[in-house]
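You will see two complexes here that share chain A, one where it goes with chain B and one where it goes with chain C.
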Partner chain A sequence: MKRKIVIFLCSFIVIYVFNFSIPRLMPGDPFSYSSSVSGEDNITDLSREQIEYLRSYYGMDKPFFEQFTDMVSRNLRGDFGLSIHYKRAASDILAERLPWTLFIMTSTLALSLLIGSLLALWCIRSKRADRIVYGVASVISEIPPYLIAILLLFLVAANVRWLPLSGAETAFGVYATELEWIKDVLLHALLPMTAMCLVTIPRFYFTARASFLGIVEKPYILNAKAKGLRERRIRWRYIFFNGITPVIARFFLSVGSTVGGTLLIENVFAYPGLGTVMREAVKYRDYIMIQDVFLLSATIVLISMFLADLINGLVDKESADL
Partner chain B sequence: MKKATKRLSLLLALVMMVTLFTACGSHVNTAAPSPSSPAATAGTAAKTVKTLKLEGGTDWGAPSPFLNESRGPGTAKMKLVFGSLLEKDETKDVSWLAESWSVSGNDYTFTLFKNAKFHDGKPLTTDDVAFSLDYYKIHPPVSNSLGSGNSYIVDHYTIIDKQKITITVKKATADTLSDLGSFVIIPKHIWEKVDDPNKFKGEGYLVGSGAYKCTKYEGATGSYEFTAFDGWCNGKPAAERILFVPVSNAMLAFTNGEIDITTLPADLMDKYTKDSTIGLVNKANDTGYKMLINFQKCPDFLKLELRKAIYSALDRQSVVDKVFRGAGSVGSAGYVPEGSIFYNKDVVKYSYDPAAAKAAFSGKKYSVTLLSADSGSDVAIAEIIRNNLEAAGITVKVAAYDSATRDKMINSGSYEFALVGNGGWGNNPPNYMRTIFSDVSKNKGGNPHSMGPIGYSNEEITRLAEGQMSETDFNKRIQMFKDLQLLVSKEIPLFVIANQSTYSMYRKDYYSGWMKTYAYQQAEQNRLSYMAR
Partner chain C sequence: MKKVIILCAAFAAITLFFLYGATLYPHGSRLPSGASLEAPSALHLLGTDNLGVDIYAQLSSGFFRSMAIGLATAALAALLGGLLGIMAGYLGGRFDTAVSFLINILLSVPQLPIMIVVGAFFGQSTGNIIWIIAIFSWAPIAKQVRAKTRSVCGTRYVQLAESYGGGALYIIVRHMGRDIFPLLAINGIAVIGMAIIQESSLAYLGLSDPLAKSWGLMISKATAFSGIFFTDFWKWWILPPVFSLMLSVVCLRILARALESYFIKER
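Then we have the complex of A and B:
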């Protein structure tokens, strides 16, 4: 356990240093970026004096190492800096956006875990169903979620008026009750979650299928059948509960890919999560925001990996006991 | 094992619930007005409407002079809330917070409307104008027409009374009136206590002096609500509310009636121009592409005949046809696009003549790298240029980078040939002709659009580009620009590839007040578009 914690902390430190260095090593500059497209062309040209003032204001006129130590000291005090692009505290921006991303992410993973596991449980009974589901899942799991999102947007949402095309809630909506608001939020989340689930359900299905098939061959299942236990009881109490642990580990292992998928999908549906922040931070070379948003995503993934590791440890222990 | 599974399931459920209710707690808004379906208050084609809805979804910053994003949509929102002394209409500068003004040498005297006031009801006087000038000298705002440091244009000011102020500049130029008319007035009673405006979000930070109040701003969703200010001193706002709502696809949103104006893609022109209910704002030739040569790295191209041969090699019409889908025109060799009041129709016109180009480059075996951005239409245009130049005998390698990297490379001169595309060509040409072509003013800022040809100089071009700044007679100034364009077209310091036109479409029967100014074509960003006129 101690070893795992040390590895976790070392990984965090390496990511922290990379997060600071990489944006500053990228070509480009937050103050001289001025490329525009039509519609954004009234760009304020900053004079050299203004650029120097801003560099000094954001502490970017200091040597590289001094900037790093300043950041460490600030971060330790809970100050994550002022976004250059948004001109607001980066922590405020992340606090506004993170719940939406976590909502889509955790809901997607939980739904996928549930549906994927149930599908697997059903398929181990029926070889015909297994063949079909396995084939379809193999194809769908290879499609990038943002592509599914675009297809859903143009083929479904554009033709179904009651489905919202964008956002996480009705803009300027007024809700009489909390329940009304939750309904609105769920409706707005339907398409992004569907796009994500279509890709993640097959992953859980594959993991659960492999786990359940492994359990079906165990002697205690044969023993249970010989005792005359009901099929339903064997399936749930013996196969499902004993085989679900790797699926839960898959939940945490999937966090990394789900974070990536969610961030892209958010851009398709103008969903107010971390996705648009990350895109704009990179586009405008907002060093502070880039390092904070990547650090946050990396921390979420690291914690998930840590938890997955713990669960896998449990599985190994269980296998050894058996 | 069962216990562990049960605990994990509980943990998972808890995370989901916490996530949902954290979002719930911070986003329920029972105070905001209910969403209403658009309805004109005075029948169809009315000058005033209850609500105007536009594409939102992007956080362009809080509409404060110090917190807005420095691009058009950010500045435009701030200018709805904060008023300046003057505004621009289709042909000239017009009054905004100042009801009249006069110019005498370096002295610019402005008289404020007597009933001008801030959104909190406090009167707006020359004390606030003077305070804004002093404050901006120390704390330059995002959109800064006054300059900063040594380039600060104001020498001093004299307050004559509560309504009248004379601002004396260090040196009057043709743009000084516009510059003095453009800075926004902030309330002294709020900002005099603020030491760091870049962080100020305290009480009154959005109390402005403009025709609309910002009544809601949500950065995360890119939603803005502006409400007409009933104490506005100069005319009547055209909408009771202006809403910027998040959309995933603007065309779908327009079709579904979620927004009232959007950009019309060139491929759908036929469909919508036949629709009598649809009105169009033509942003003629507003986006342009030019090709720069770094003459320090490619000195052979200082020979004029080779530059003419490059124009002959380029099939610029194919850029208009294939990339812009016909919405645009071949670029004027004089730089200023057709449609601008400064455009010179008599500039030299270079036609596509591949045989002449091939003859000019025969046996020279030039090999160059063409720097381009990897977004928008840039790569497609770069490939057309590459094909054209290779057909003429120049080996070309296209190097495409993201825009920020491309900008950095252009600013540092790290290129041989470079393709630069940007919007705003239909803006006030004086602002860019000098910074691109004058040997004195070019390559000074951090903007690749203003980067002129490196390693090329021309005294006469510099004289005209600089001289127009001192010419206050408008007609004479236009003539100077025309002369400058003619010279640029003859000397070819750079290559103008093509200009793209874009169109905004709106429902005529609902609201048709969208307008362009003589200096800016983006109708959605002009505050006169939101005034009953």
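Then we have the complex of A and C:
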């Protein structure tokens, strides 16, 4: 337990320091970049004095260590810098965009957990269904989700009238009731979520399958059968409830890969989450925004990995007790 | 074994298909060779893109680029992961603690965001992409190799060899190689597939070498073409790179898995 917390904290510190030092280790800065790029939409010709002024304004002329302590104290106060492209507080933009990403991610994972474990539970009954589902799942799980998203976009959404192509809600939409808004949001989230789910369901299915198969062989299942319990009761009360813990740990473990997938898929559907912010930040060399998005997503992943570790620890304890 | 052969044959077929496009096929992948946005015909097998560049030729050069990146990354990752994993497992002690710690940290960092950050700051060259992906791919390999080395270290035959006075290198190559090298090969193949995905994802986000014709860049350019939804262009402009990417990645990953189960069954 202590070791896990140490690793968790160290990972965070490593990421934080990495995030801090990487832009300072490389030559150039956004100001020299933005005054050298022309032809794109950010033409800002800065004079030498203006660059000097901006450098001292952003504290870039101070020594390395002082900049670090500055950043820590500012971050602790909830100040994550001004976005160079949006010209607003980065934390405000992140607060606007994060809910959309979290919405897609958590609902994808929850749905995949549900479908994946039910699929596994259904498949342990028949060998043939298991073989087919296992084969299909192992192929689909290897496809990068953003390719599935592009295919869905062109093969399905472009041909169907009622499916929106992009965005998270209808632009300038006016809704009579809350329900209508929810319906609109769900409709917009349908394709991104389907693309993600197709790839994440197999992963949950594999975990659940391995876990359930391990339980089917336990003596207490044989005992339950000998007692003459009904098939349904055995399946739900004995197999499902005893085998679901590693699947729940999988939920948190999958956050890491899901973040990557979501960042890409959001760009396919122009979904207003962290992924599109990241791409825009990359396009305009908005370093502060890139770093904040990275720090935020890394922190989310770290916390969920830690939670997964805790749950897996519980599982080990349980099996040690038996 | 049958599965492995089938997959190898499938992959060889894919390679041959693209080899033709890169060598004997009359059109180049860089210069326009026809009108813009031509539909597939006998002259241009898969049509042309908005600049009139042949798509089949682009796909073919993209395949070899992707494979080169994948192979380089896999070689680097397998070397680093194998070396550090064997050393950590064999030497133990402080070195093991340090390497395991590093592995744990690398495994807990989300890959794509950190690659975006590094790519955005260090510039968009192929070399950068290779080492960035390699740095994040060696950790899982090292973890497995380390565990394997430790378990082999505990066997009697290794202890016997040690008591005879066998050197570390001799023991590792002669007594552990049989267990470790297949592991490295399997993971290496898996990393090729992963590196191709990562490279295409970075290219899709606009973080790859903008001059190199990669599949990700093709997809990115085609999807950004305004009005693509209202035309038929996507049928030959977007589907080929998407399907080539899917096919080669799935083929490689399943090959790695088939090899894995083959080696486990053998032992």
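The definition used in the following text is that the second predicted complex is superposed on the first by the 305 of 322 C-alpha atoms of A that agree within 3 Å, B and C clash if a C-alpha of one lies under 4 Å from a C-alpha of the other, contacts with A are read in each partner's own complex, and residues count from 1 in each chain.
We adopt the following convention: contacts are C-beta pairs under 8 Å (C-beta built on N, C-alpha and C of every residue); 3 or more make two chains touch, one makes a residue touch a chain.
The structure displayed is predicted, hence computed values, not measured ones.
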After the alignment on chain A, I want to confirm one thing: do chain B and chain C clash, or do they fit together? clash
Touching A:161, do we find chain B (first), chain C (second), both, or neither? first
If you count the residues of chain A that each partner touches, which comes out higher, chain B or chain C? B
Between chain B (first) and chain C (second), which, if any, makes contact with A:178: first, second, both or neither? first
When the two structures are overlaid on chain A, which partner does A:187 contact: first (chain B), second (chain C), both, or neither? neither
Let me test your reading of the model: by the given contact rule, A:23 touches which partner, first (chain B), second (chain C), both or neither? second
Answer with first, second, both or neither: which of chain B and chain C does A:51 touch in the superposed model? first
Touch test for A:224: chain B only (first), chain C only (second), both, or neither? neither
After the superposition on A, what does A:297 contact: first (chain B), second (chain C), both or neither? second
A:283 in the overlay: touching chain B, chain C, both, or neither? Say first, second, both or neither. both
Under the stated touch criterion, which partner chain does A:138 make contact with: chain B (first), chain C (second), both, or neither? second
If you lay the two complexes on top of each other, which residues of chain A touch chain B in one and chain C in the other? 26, 154, 158, 165, 268, 283, 285
Which bits of chain A are touching chain C when the two form their complex? 7-8, 10-11, 14-15, 18-19, 22-23, 26, 138-139, 142-144, 146-147, 150-151, 154, 158, 165, 256, 259-260, 263-264, 267-268, 278-279, 281-283, 285, 287, 290-291, 293-294, 297-298, 301-302, 305
Using the touch definition from the top, list the residues of chain A that touch chain B in their complex. 26-29, 31-51, 53, 57, 82, 85-88, 93, 96-97, 99-100, 102-103, 106-107, 110, 153-154, 157-158, 161, 165-175, 178, 181-182, 185, 241-242, 244-245, 248, 251, 268-270, 272, 276, 280, 283-285, 311, 314, 318
In the complex of these two chains, what residues of chain C are touching chain A? 101, 104-105, 108-114, 116-122, 193, 197, 200-201, 204-207, 219, 223, 229, 234, 238-239, 242, 245-246, 249-250, 253-254, 257
Touch list for chain B against partner chain A, complex: 1-2, 4-5, 8-9, 12-13, 15-16, 19-20, 22-24, 26-30, 32-35, 56-59, 61-62, 66-67, 69-73, 75-76, 140, 142-144, 147-151, 198-199, 201, 216, 219-223, 225, 243, 245-249, 252-253, 256, 258, 263, 283, 286-287, 373, 376, 401-409, 411, 422-424, 427, 444-450, 500, 502, 520, 522, 524-525
